[in-house]
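To keep things simple, chains are lettered A, B, C, D, E and F as they appear, and every chain counts its residues starting from 1.
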Amino acid sequence: MSARQSSLDAAQILVEALPYIRRFSGRTVVVKYGGNALAGSSEDDALSLFAQDIVLMHSVGIKPVVVHGGGPQINSLLDRLGLKSEFHGGLRVTDDETMKVVQMVLSGQVNPQIVAAINTFGNIAVGVAGGDAGLIRAVQRDPQLGRVGDIDRINPAVVQGLLDEGFVPVISTIGADAKGEALNINADTVAGAIAESLGAEKIIYLTDIEGLRSKVDDASSLIQRIQVSDLAALAADGTIAGGMIPKVQSCVQAVKGGVKRAHILDGRIPHVLLLELFTDEGVGTMITPDGARGNVETTMGKGA
Amino acid sequence: MSARQSSLDAAQILVEALPYIRRFSGRTVVVKYGGNALAGSSEDDALSLFAQDIVLMHSVGIKPVVVHGGGPQINSLLDRLGLKSEFHGGLRVTDDETMKVVQMVLSGQVNPQIVAAINTFGNIAVGVAGGDAGLIRAVQRDPQLGRVGDIDRINPAVVQGLLDEGFVPVISTIGADAKGEALNINADTVAGAIAESLGAEKIIYLTDIEGLRSKVDDASSLIQRIQVSDLAALAADGTIAGGMIPKVQSCVQAVKGGVKRAHILDGRIPHVLLLELFTDEGVGTMITPDGARGNVETTMGKGA
Amino acid sequence: MSARQSSLDAAQILVEALPYIRRFSGRTVVVKYGGNALAGSSEDDALSLFAQDIVLMHSVGIKPVVVHGGGPQINSLLDRLGLKSEFHGGLRVTDDETMKVVQMVLSGQVNPQIVAAINTFGNIAVGVAGGDAGLIRAVQRDPQLGRVGDIDRINPAVVQGLLDEGFVPVISTIGADAKGEALNINADTVAGAIAESLGAEKIIYLTDIEGLRSKVDDASSLIQRIQVSDLAALAADGTIAGGMIPKVQSCVQAVKGGVKRAHILDGRIPHVLLLELFTDEGVGTMITPDGARGNVETTMGKGA
Amino acid sequence: MSARQSSLDAAQILVEALPYIRRFSGRTVVVKYGGNALAGSSEDDALSLFAQDIVLMHSVGIKPVVVHGGGPQINSLLDRLGLKSEFHGGLRVTDDETMKVVQMVLSGQVNPQIVAAINTFGNIAVGVAGGDAGLIRAVQRDPQLGRVGDIDRINPAVVQGLLDEGFVPVISTIGADAKGEALNINADTVAGAIAESLGAEKIIYLTDIEGLRSKVDDASSLIQRIQVSDLAALAADGTIAGGMIPKVQSCVQAVKGGVKRAHILDGRIPHVLLLELFTDEGVGTMITPDGARGNVETTMGKGA
Amino acid sequence: MSARQSSLDAAQILVEALPYIRRFSGRTVVVKYGGNALAGSSEDDALSLFAQDIVLMHSVGIKPVVVHGGGPQINSLLDRLGLKSEFHGGLRVTDDETMKVVQMVLSGQVNPQIVAAINTFGNIAVGVAGGDAGLIRAVQRDPQLGRVGDIDRINPAVVQGLLDEGFVPVISTIGADAKGEALNINADTVAGAIAESLGAEKIIYLTDIEGLRSKVDDASSLIQRIQVSDLAALAADGTIAGGMIPKVQSCVQAVKGGVKRAHILDGRIPHVLLLELFTDEGVGTMITPDGARGNVETTMGKGA
Amino acid sequence: MSARQSSLDAAQILVEALPYIRRFSGRTVVVKYGGNALAGSSEDDALSLFAQDIVLMHSVGIKPVVVHGGGPQINSLLDRLGLKSEFHGGLRVTDDETMKVVQMVLSGQVNPQIVAAINTFGNIAVGVAGGDAGLIRAVQRDPQLGRVGDIDRINPAVVQGLLDEGFVPVISTIGADAKGEALNINADTVAGAIAESLGAEKIIYLTDIEGLRSKVDDASSLIQRIQVSDLAALAADGTIAGGMIPKVQSCVQAVKGGVKRAHILDGRIPHVLLLELFTDEGVGTMITPDGARGNVETTMGKGA
């Protein structure tokens, strides 16, 4: 490819990207970052690329919020401490001891690791726990499950405050009940609820799949774009199942609650966040409100 | 005591307190909260009283910042994991594995516990780790000691940002080196350095002693007030020794760096923070800049 | 009482007071200060204690407004000038000459005296007359009564302006008619109307009685708390009579007009304003809107 | 004069006036209003014309401050009360009783009268006494003279606050000593000191003479413009004498203290304030800083 | 006329003018300046007097906006270039070549001339063309007429922005269609539409007649004041005809659209803008909304 | 090229561009746009691509200022009007008639054309003439050359005001002398002086050459980067000659006056502005201050 051709390509990508950059500047984008998103490459490299994308988004005025889980790391410490998990109706019973481990791993190990990765590119990331300033108020689901909780309400004041001060909040998803006791909550669900409470522009789930499929086993059946009520129907008829259910339900709730777009992306693609945000090219699955048109409403498209 | 007498007493305490309340409104007060401060009563009650004081200080416009350590809790988890500590020149060698435990305990266990205690009185506390937004940049002291660090520089932006937004930062004292790797740092030293970087009005160390003594074994030799250079002399001639040294050195540095008053208080006294801040009565030891007069410069004294 | 007990008591009073201080900070409190309030002690001492309370209230962010009358002082000058008062239907006829004396005494003698007393504690008090910037527009009640007036409308701009600039307005209650001519108005009525126009938190009448009684001659029948419609009923059935009537009517109108609490307090109790505002203990009589619960809505009580 | 000629004249006056209006908008002008200024016509009419000028000045953005005395009125009440004045070295001894009369007359009679006159044109005037918020702190001159005082310092906060809120302060010139006791001070001196403390554009003395003369008995020797050091020389060599001395001394001090222009005008000329401020025509005597050129620095003159 | 009489006259004119100055300060006044307004004197002098009035209006806080045409100058350049005008139904056909000439003359000759005249009195005038920031969006009226356009919509952002920055916009009345192509539009119509879009206080048409007449040939039938619906009736019944029609229609539309007053003035009278704005004397014809009373609502009239 | 490779390329270009976008957001970039820059393609397309770049720059927060000349268009109208140019010492003598033509063409033809081109992408461009608000004050160079001028001083208030309001100023380079008479000034010189007066980040000259060469006839001798004093030396020793001299002199003066970078770019390259601003790739010649390092100081480079 000649230098001149390369220049033309670069110019074209910029002409395409700049209106998106303008469009998203000042908007909040919540990114759910899960352990499985790291599958495509060695963990450090994937985390570093992700961290770079977050800093680049921030550099052009986007307000990213990172929400993370940490299942594998939790299991690892439970093993080392010889704590065995009991299951009840398919769900892990979280006793007090297990809860302490969950909290230590999420807030004391995974969270600082993501914060540190981002801060090597610029000191902007700040760890936030669900108990901070009443961020995630939760209620116990079922005494037999122990410290498993459901979201009661989100108080986004601390997250909004950090965004207003120019920081990137990185949130570990421990909830607190009315007495301040910790409860374990599904991280996907938390991500959607926080996006909704912040009036976010987008919620993006980074996963280890290409996106949603209309036929589970058929790679060619990737859904590139779907309206929220159609997605709810797919969930209802069983097309979508397994681990995708909490993500899909959270997408549905977030978009119904005012988030403009939800995305399920393949976190293994390098710089997938930049590609999704700043190019016309479709990546993964986009969930839109019913009746939405176009990709996003840029005020100036390529031909404008 | 008659009701009338009681009213007169209450009025007198208020007449005494209100000028201090005015004086400290809007000022930053850093409180170092250590495990030993809890000794006088059951842990939960002491923590709860402390938490209430923090919320009351906040309620009248003071900006409290809590800095904590967590030695006993760290030892407990190290034991459970079967990790043994090696010592080198009297200092514990902190290998990578130990460092992870320190971080998990401080940021994932002690910090959320203090945050939760405060937030039962009002959702204002937010946990902060040393790695957040470059708060505590540190350098390794000696490769033979492993991950033991010294403060390189404090970037108080995230703490100041949270204060500006009306929150109470609760800081766990893990530092990060230039690569984002965690380093273990003395919590007393961190408290002083943060107070200095914030231009705090006061740094208060809550301990399990009444205050500094001019004769170690003589309870009647309690030092109620001392100028910073006199205190430095006491440290130099060995009058002050042992675990008080880092506190005293931090006091000296903080006051020389612009903090107006440093205090070493007995954390076992209920509501000791309120008594120190809002009454004329002396509590513990107060360290003042050289040449300072009066307790604090209130703009309106009782007789003014 | 031991020092330790004393400390505990002081701490308890502070724990009780701080939420009230937070609660009232930034709120406007109108205090009607009448000559009879001074009865319990020598005039200067009582005025000085009152002045100190006003300055202390101001020091913690409350915006006090003082409204005063001056009956005895007016009578004294009338006597010296040999002016005799004629009465008509029980009311003193205020001819032009008498009106000049009233104005000179209120604005030129009593008002500067109160201002000076406050300003010995801090230069914050500013005298305001009813004619300033149209504060008290009045209409003549009855030509036969001469220059006796009723309030037409209150323009609180100058009072609000002084509050916004951080001053304490001290108001003498002369009204002005449309031509700028002075009219004599009941000071209790003015105090209530100004509280209403300012959207005050409280109106406090300092008197020389303990409070309202349900049986005039029975000291044990003190009414500590009463709803505004119940109070109106007591006034209607004659339980309340004499000089208390204008105060009570003004309380009723002010509370119906949005002032949150009205109080009738015994000005002879030293620091009665501080006791009323900052302690849980009841003092005098409190008039609340119908249906109001609790003392005040503090956001954090003792047990919270 | 034809209508067309009249139009041309009106246009010419406006062309002349508008740059001055622009020039003085937002500037503070202190006007000393004395009893003798009223001599040319019946008192009410003169006061009304003066009041109208003040309101018109205010209407185009000038910030007028009125300072007044009240000698004749004080004498009148002293007479009525049978209080005789003793003199000591040519100065009236002001005992406590006399001081009370001075204060009542100035703050309770003359001040409300001027305030009322202005407020018939718009509710903007607010009376201010020297004791308000420490405006005029004074010291006793000589115990033998009783309550005669000299200015110790001016605290213009209350005057500036009222100006900032859009009001016109009308100041009675009673000072207060450190204990809050009233002292009698020369009103001309106070006017100059207040102008200086406010950084006023102009201080204007309204008198009953045309202006200063270089020969006392020669009307044709009117001084239209003089530099401050030349004026000081005239005072030193006795050319200026009698009642003009305090005015002249105050002019000298104010101009040396930064006030841009001082004026001694004939208050008997209707609308003399407007003529002085907004026309090219010289009125009375103007005192300028040494070296000042032109009338005022308008940014756009007639020929610009 | 004696000097004293002259002073009284000057004072009276100022007393009359100041309330208007206050009234109009901060308000927007659109002035349509046409070539014919220059007829009464040599062009340069008339332009210079006009320019001075604009600067004086600006100096007292009015926000003038100048809109101009340029018929004679256009004809002159068309002649020099040998371009002949074709007419169609009484209207000049504007081909592309003619349009270029119109644009060059208006934006490149007349506009800079007016801007320069104003800027000799102070650098405040800024030329604006209809194509700037979409100010005048137009649509072609009839293909047979070529580039003749009608207003589609006014976007006053650039004019408002310049006013907010303290400049005086001088607008040449070329419109632009959706493709950015220039269209020729009646300048009177543009002036009215801009006044409406800015929420102007007044629209003033400077012409070479005294004002509107109820009988075309009878100078004594000058209409000094007329309500907008009465004016519309006069236009409908043919009383008003010829070149006045676009002015009158624009007046009607502007006043119906919220502009408070429209004026048709004789631009040959020196300083006619000042006379109209700042004196009680009527000049030319004033069009008011139906039901309007008084000249303008000054908050303080002569007798107030 | 595979889709995946294409994605990687796009991601890489974005990773490269985003820090520049952040770096330049809020900064002013002056672009000199000359007729010769259009040579590489049909005029309309080139102008349209240029206009699109300006709008895209604006969309990401850059504040572009366009300065233009118009030599060929001026010559064309002079020819049509039969005006012949006389030369004196190699410079065209600009008589009054020629000056009028220059002004009409620049402000009435070329300027609206560029404004219209930009405004088809968004209504942000506003034409500005040198006479607007005293933007370009000039002095006559030599009476024999007629209306040829040199810059006396730049008053950028109107340009800064338009930038502050979010508009893109498009400046035609006619100067005005003290009397408001137009003077013809070199457009390259004006561009540099305006960049300096605005404290611009960059001045970019769009030309029809690739950049500066160290050997005029050797395309391989293109200078990619040069310090300002080295460039001044090249101009002094004759390496740079002809039409490049005013550009080079303006670059030198602008960079010495605080503009951070000057660029001479080939305007025939599509989107050359975007390539220069947002890619690492060097385009044309960059002039830096002496001692400057790196391309620009981005706060986060690729490897950071």
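One rule holds in what follows: a residue touches a chain if its C-beta (ideal position, glycine included) is under 8 Å from a C-beta of that chain, and two chains touch if they have at least 3 such contacts.
These numbers were taken from a predicted model, which means no experiment stands behind them.
Engineer: Any chains in contact with both chain B and chain E?
Structural biologist: none
Engineer: Copy of A-F's interface among C-D, B-C or A-B, judged by over half the contact pairs being the same?
Structural biologist: Checked against A-F: the matching pair is B-C.
Engineer: With chain centres defined as C-alpha means, what is the inter-centre distance between chain E and chain F in Å?
Structural biologist: For chain E versus chain F, the centre distance works out to 37 Å.
Engineer: Find the geometric centre of each of chain A and chain D from their Cα atoms only, then give the gap between the two centres in Å, rounded to an integer.
Structural biologist: 71
Engineer: For chain D versus chain F, what separation do you get between their C-alpha means, in angstrom?
Structural biologist: 59
Engineer: Any chance you could list the residues of chain D touching two or more other chains?
Structural biologist: Within chain D, no residue contacts more than one other chain.
Engineer: Which category does the touching pattern between chains fall into here: line, ring, star, complete, or other?
Structural biologist: Shape = ring; chains linked end to end, path closes on itself.
Engineer: Sort out for me which residues of chain A touch chain B in the complex.
Structural biologist: 80-81, 100, 103-109, 111-112, 115-117, 119-120, 123-129, 131-134, 155, 157-158, 161-162, 164-167, 174, 176, 179-182
Engineer: Report the residues of chain A in contact with chain F in the complex, numbered from low to high.
Structural biologist: Spelled out, the residues of chain A in touch with chain F are 1, 7-11, 13-15, 17-19, 21-22, 25, 52, 55-56, 59-61, 121-122, 269-271, 274-275, 278-279, 281, 299-300, 304.
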